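The structure appears right after this line, and notes come after that.
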């Protein structure tokens, strides 16, 4: 996330009680995970393997648990537990504003909001939208024009994203990202769309989503896609344009699905998929091949009797 | 849907600005998709392949994008875009009545409605029903006696039904159907049951549905069925009586499942199924055969080593 | 469940109009299903096969549909339909307290409850919890400290548990159990967690659950588990500690999953699983083996051409 106003390295060090390698007046304009940083950002690293990546990243300020020399133009902040301190900083600047009020955001005059809808702080809803009963739209969600969200759907739930320590205890990474829904998107009933951890979950213009679909944190869905019921898309998936996903499909995290791909029902996608092709199966393969293989299964018992037993 | 009062062909032509083949005083008593029409209905056709089917159907009035001769006793209405004009007519006669009120329907005196429930316009709920918190019951849903609906379930969400144009942009077909729930049906928490596009989604008497189940538009479930959690049933499926469907099953659209069939968990049903048989697998087959095939899978690596490599 | 105050056998017989084998002043302190009973409990049996088990169980009082001799120290209550009378007794002592009020339980002062949340009678919520909008927490749920429940989740829905009679008509077994959620559990959006039928559904400390997950009646989840989106766990499953379950997994009823097991996405678990192992597939097997088998599938069409056709 970008901060509303830049803060100094010294201000940050005062919050988390830590020392830094600079003069303290360097400014921080955003807070982001390592794979999302741009100049002005603060990030963190707590793992040998990623020290180099962090030091060479675009981030200007880095929370780190080792006393290394800061590269030219960067400031290091030294702390025992960069993850926890990063979480503390996010919480400091991204305050969840709890409210007893049901409607907190800005809603276009021509849009229709049914009873029982919760609209969080900083939410923006455009014109000609319909939000059906008992929908929950969490803080900072941005909804464009002509969007329809059916009953009991949740937009902007926190990411399912945890750090596991040596004792196998999980700590939540605080979500400070948001969900962006573009023009003419339609979302079914009972869906859940998570916000990004530090970035954005985006549903592209014209995309239509059926009931009980789950979309994970930071995923991007292209334009004019169709996603059928009970499909689950994990975090940080990139889905192109005009993609058709049938029911109960599962897509693992961090994958890319090319434009115009078609994925048949109940497929389990564990690798990135090419544009324009049709896929099926769990684990997924090209549909024609996969179906040929599945059709062969019925011969297995016959083979067993006639070939294997005799050999 | 049937109209409350019949309207004339000329009235319809005034709404959508179109010309017709009749004298204009012919009456229209219903609006329905081509596979649902009965005499008195208006329907539409916009596709070469279906002209004949439409002209020979029971419909009395047909929106069509070609200047054909009307068959005896029928009226044709000529329009560039029959789909859009059909949608316009549906919207004209099936007005969504948005309300800030939570309870708009008629509820039996002995029925219990928990807080947070939304009840839309024209909803009827019988006697001895329990509707748990945060359920959304959309317009025109009919619920008989002794029905239990658990928390956060949605009844009567709009159909996931779109027309895709040449530019691969989707347009929603306006839903004007409804959901009918018969006596002693019980529906779990977090379910979604879509209304029909122009017809009815029906849950038969005594049927019990677990949590997070999705039932698509216009599907019919028989009596005394059991449907376990996270099962998804697509649109226009016909399910018989006393059928048992275990968890996470998916059933594709337009299929028929015979009485007393049993479908094991995680099956993917892509063809109609016979009465009284037991099924398993994705894609589905008879359970005994399918399980024999699945059991054979463990021999594949051995075959590879001992037979294939040697041949 | 345990009763608030013990009642006499005669009191019970007055409620259901039945005769008993004792003197009537024997006390009943709890009501439980046969596999859950301890001394002082009333239970029922209506099935030849289970008469012995019931008579030899720890239960002190047994509803039974056969005139047998009571074992030493036990009382039999004779009734035509033990199941229905058991249900009647549960209903008598476990009254559902319906309320138009949204908040009925006891909530820790430092906990945050968003708008639209329903909190039932007898619910206890500890300190430092966050309950997001439109969550439904049903009667008698116990939530410890530091628990997060995201929007539109349902805790304590009634069990999906029915008795089917000779006419294949289902009767619900009344749920009088509850859900217990321990410290620092986090539950995603749109989940459903059923209460036990007569016992408890328990989510162990530190366990994290993603969106749209279903957990059945009376299941026990251990500590520090991770359960990814759209997973479904049936009734009375025992899940150990530190278990990782990926997305869209299904687990059948009554199974046990050992500590530290890992279950990959879309697996279908139909047998108990060992501690410390990694599993995959539907039906599930050890992941390494199962993946080897799946990898072999691509050779099937080749085998068909080169081996089978020639043999």
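So that you can tell them apart, the chains are marked A, B and C in the order they are listed, and the count of residues begins at 1 in each.
The working rule: a contact is a pair of C-beta atoms (placed from the backbone, for glycine too) under 8 Å apart; a residue touches a chain by one contact, two chains touch by 3 or more.
As the structure is a computational prediction, the values presented were derived from the model and not from experiment.
Chains that touch both chain B and chain C: A. The angle of the rotation carrying chain A onto chain C, fitted on C-alpha atoms and rounded to the nearest 5, is 120°. Per-chain CA centroids place chain A at a distance of 32 Å from chain B.
Residues of chain A in contact with two or more other chains: 116, 134, 152, 190, 212, 230, 248, 266, 282, 294, 297, 303, 307. Within the complex formed with chain B, the residues of chain A that make contact are 112, 114-116, 132-134, 148, 150-152, 186, 188-190, 206, 208, 210-212, 224, 226, 228-230, 242, 247-248, 265-266, 282, 294, 297-298, 300-301, 303-304, 307-308, 311. Across the complex, chain A is touched by residues 98-102, 116, 118, 134-136, 138, 152-154, 157-158, 160, 162, 168-170, 172, 190-192, 194, 212, 214, 216, 230, 232, 234, 248, 250, 252, 266, 268, 270, 282-283, 285, 289, 292-294, 296-297, 299, 303, 306-307 of chain B.
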